[in-house]
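Here come two complexes built around chain A, the first alongside chain B, the second alongside chain C.
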Partner chain A sequence: MLLKALSADWLKLRRTWIGWLVLLGPIGVIGLQSVNYGLRYHYLMKKYEADLWGNLILNVQYLAAPAMLLGITLLASLISGIEHREQSWKQVLALPISRLTVFTSKFTMIQFLLFVACTLLSGGTLLLGGVLGFGMDIPWGMLLLKCYFPWLAAMPIIALQSWLSITNRNQAVPITIGILVSIVSMYAAQMPDWMPLKWPLLVNESHIPIYSVITGLSTGLVIYSLSLVHFARKDVD
Partner chain B sequence: MSDAFVQTTQLTKRYGSRTAVNQINLELNKQDIYGFLGPNGAGKTTTIRMLLGLIRPTSGSIRMFGKSFPKSRMDVLKKVGSLVESPSYYGHLNACENLETIRRIIDVPAARIDEVLSIVGLTKDAKRVVKGYSLGMRQRLGIAAALLGSPELLILDEPTNGLDPAGILEMRELIKSLPDQYGITVLVSSHLLSEIEQMANRVGIIQHGSILFQDSLEMLQRQAKHHIRLAVSDPRQAAHTISTWGIHAAQHEDLLTISYVPNEQVALIVQQLVQNGHSIYRIVDQRQSLEEIFLSLTGKERS
Partner chain C sequence: MRTLHRIFYAEILKLKRSRLGFILILSPLMAAMLGVMYNLNAEQPGAWPILLSQMAMAHAVLFLPLLSGVLSAFICRYEHANGGWKQLLSLPVSRTGVYISKYVVVATLLLATQLIFMGAVLFIGLLKGIAEPVPWLMLVNSVLNGWLASLPLIALQMLMAIAWASFAAPLAVNVILTLPNLMVIQSKYGIYYPWGQPSLAMLPQNDSFGINVSLETLLFVIGGSFVLFVLAGLAYINRKEI
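Let's turn to the complex of A and B:
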């Protein structure tokens, strides 16, 4: 049933900006970093001499974190906007399909698009490093970790934004919250470890990134379950 | 009782202290066109949303096709097509794609899309993006979407709202053809009696969340008071003459109004009046219109 719902949701993406958004996010981040490296090439090459790839990945990551939070907000809002615009929820939810499936399908779609964006980001990082002539000594583990772990650690925010966007007809609420979260997240590194905004940075006192991922995934799961319960019981107007 | 096609028992929806729908018992039989009638805000849409499982009843129960709802939600909704208020559509997709988003979920053959498009007459515009459709076309697309799953019950909430006269006529003809051609039972809501009168065989009238009347259209029409009006040369004298046979005649200017009497008696009255030297210009059979019945039914609530 979920696959059917997903294939219907996939069709609804046709002729929307959503595909472009997924492409533009990573392109923007890589583009800014290429400007950064292009302008200060000799300085940065000297500064990062010891670990060229590692520092490139860190630099990309530094920009990607707030961009991802903004992307989560926009994706969640655009995907649910498809149903909000002409009040299609009442049509979808009167079909013989459970509300849990409808909600999970939207949630999965957002996850899938974020996964694509993360993949594009790691591809873009490789491409940039290659163009800059960093050689073949690529730290694959670190690259994949820095590209996919922030997405997993951001699960509470993804779940929250999905819930807000899907259940509010007025998208001003989720978008305002999302933008605020993205801005505040730029100062997240100095925040205490319990702060969910800090988790996507994979920084914690123990210096073990997987801890941020585990906390993120489990908190995300809790928020997702709560929003499922709410959505299943909600009156649809 | 229990073999009704759709039946609600004491169905109630409260929002805080406001009761939107109050203990209503709807009963639809198979292949009815059930006209659900009431002024705006009477609780029609709330009832319909409960029938579709979009909102939860505060109390009461619903049975559809012999199954309890929303317990057997999936089984029931498979057999229901709906168009609630404004049509739902995806403006950036064309008509085929719009229907395809639903088809992928309800799992009917792809050929069904062309079928329903031809039923509502949208075949020609099927590849155009729906954003550019007129309201009437969108409404027809909504009906097509409702018909896609070959439903046994079609629930249409104000389907002619916002349509031009030609669109209303088209929609009415389409709805009227459904029970005979496809064996579909239709629940159609409206705030216009004239519209329901031309489609429905059964009528439920709702006001302030309560059902005031539920029966065949015929029964509703039978409630209409019959009057016979006579235009005569000397109404005052004629009224006097008629009253000597025990029939009360009210006089309004040069018209006499008597309550309904059988044909033979009308003939007798005319004969007697003519013999008494009255000239009879006109005899008019006047029935209270359904609008007036409706007003008198709903007016009672108000006082």
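Let's turn to the complex of A and C:
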């Protein structure tokens, strides 16, 4: 059932420019970093001499973190916005399909698109490093960790934004909240460890990134379950 | 044009009970939080400019350009939602009038945010017990210049908001073009970038960002792009098929 719902959701997204958004986010981040490296090539090469790849990944991550949070906001809003704009929630929910499936299908679609974006980001980082001539000494573990873990650790925010976008007719509310969350997250490094905004940065007191991912995934699951309960009982229009 | 104030009134009526106030106070609220967290030495000379640049950083660099997009999309929401364009434009109103009143409403709302932001700076400054007297001229200048600098951006966002039915679509473009702000405003091309202009106008001159743009240049560029974008918007809405 979920697969059918997913393919219906996929059908609704086709020929919208949502694919371009998924493509443009990573391209934008990599593009900005290539401008950064291009303009200050000699200075940066000297500064980062000790660990060229590692510093490139950190630089990419610096821009990718807020970009990912804004991307989550936009994806969540676009995916549910189709239903809000056409006022088709009643129609969708009148089909012989549980609300749980409808909600989960939208949620899964966001995850899939984010996964694609993360993959593009890691590919782009590799490409940029190659073009800049950093050699073949690529820290694969760090690259994959920095590209995919922030997505998993951001699960509470993904769940929150999906819930807000799906249950609010007025999309200005979830989008404004999402923008605010993304901006505040730029100051997250100085926040205490219990702040969910800090988790996508993979920084914590014990210096073990997987802790951030585990707390992120479990908190995300809790928020997702609560929003499911709310959506299942909600009156739609 | 005689009906302009009536269209304007209708726009305001549509905004009632839409949780707009919530959106307007968010950024000043966040700036206030950042101000409280910032470890300011209240006795040092120039404590006000330091506090202002700390609080204006996130507000002007990211939130102001993003908010101009949110509000523009907001004001076109009802028209896109239920065939509202047909309904609105079949009334005896001119399309130019509709554009102008929508623009004026957004600009006014953004001005309200700016004033709330100024209030937040004053409040935090007094809370921290800054020894110097309140530099009214600098505060008002910063807030008003930031507002003036977002006027071309509003026109540009309005054009996208009118053109695209999806609420998030113009915002996605807005977000993608706002993020480079973090880097663009540090370069000398920053003043030609509509998304970067509000922050350049708002942050105190010669602060840690190292911005060295004379206000005259900035206002000249802003005035030019304002005229350009408004004319483009008017040309578009007058030819748009609804």
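By our rule, the second predicted complex is superposed on the first by the 237 of 237 C-alpha atoms of A that agree within 3 Å, B and C clash if a C-alpha of one lies under 4 Å from a C-alpha of the other, contacts with A are read in each partner's own complex, and residues count from 1 in each chain.
Convention: a residue touches a chain if its C-beta (ideal position, glycine included) is under 8 Å from a C-beta of that chain, and two chains touch if they have at least 3 such contacts.
Quick caveat, the model's predicted, so the values are computed rather than measured.
Trainee: Looking at A:Leu127, would you say it contacts chain B, chain C, both, or neither? Reply first, second, both or neither.
Mentor: neither
Trainee: Kindly classify A:Arg85 by the partners it touches after superposition: chain B alone (first), chain C alone (second), both, or neither?
Mentor: A:Arg85 sits against chain B and chain C alike.
Trainee: Check whether A:Leu58 is in contact with chain B, with chain C, with both or with neither, and answer first, second, both or neither.
Mentor: Touch status of A:Leu58: no partner.
Trainee: Which of the two partners, first being chain B and second being chain C, lies in contact with A:Met195: first, second, both, or neither?
Mentor: Neither partner.
Trainee: Have a look at where A:Ala172 lands relative to chain B and chain C in the superposition and call it first, second, both or neither.
Mentor: Touch status of A:Ala172: second partner only.
Trainee: Using the touch definition from the top, say if A:Leu23 reaches chain B (first), chain C (second), both or neither.
Mentor: It touches nothing on chain B or chain C.
Trainee: Touch test for A:Val236: chain B only (first), chain C only (second), both, or neither?
Mentor: first
Trainee: Between chain B (first) and chain C (second), which, if any, makes contact with A:Val184: first, second, both or neither?
Mentor: second
Trainee: Would you check which partner chain A:Leu226 touches, where first means chain B only, second means chain C only, and both and neither mean what they say?
Mentor: Touch status of A:Leu226: no partner.
Trainee: Output the chain A positions appearing in both contact lists, the one against chain B and the one against chain C.
Mentor: 16, 85
Trainee: Which part of chain A faces chain C closely enough to touch in the complex?
Mentor: Against chain C, chain A makes touches at 16-17, 21, 24-25, 28, 32, 35-36, 63, 66-67, 70, 74, 77-78, 81, 85, 170-173, 175-177, 179-180, 183-184, 186-187.
Trainee: Mind listing the chain A positions that touch chain B in their complex?
Mentor: 4-5, 7-8, 11-12, 14-16, 82, 85-98, 233, 235-237
Trainee: Which chain C residues qualify as touching chain A in the complex?
Mentor: Contact set of chain C toward chain A: 18-19, 22-23, 26-27, 30, 34, 37, 58, 62-63, 66-67, 70, 73-74, 77, 80-81, 165-169, 171-172, 175-176, 179-180, 182-183.
Trainee: Okay, in this complex, where on chain B does chain A touch?
Mentor: The contact residues of chain B facing chain A are 49, 52-56, 73-75, 77-78, 80, 82, 84-93, 97, 100-102, 104-107, 129, 145, 149.
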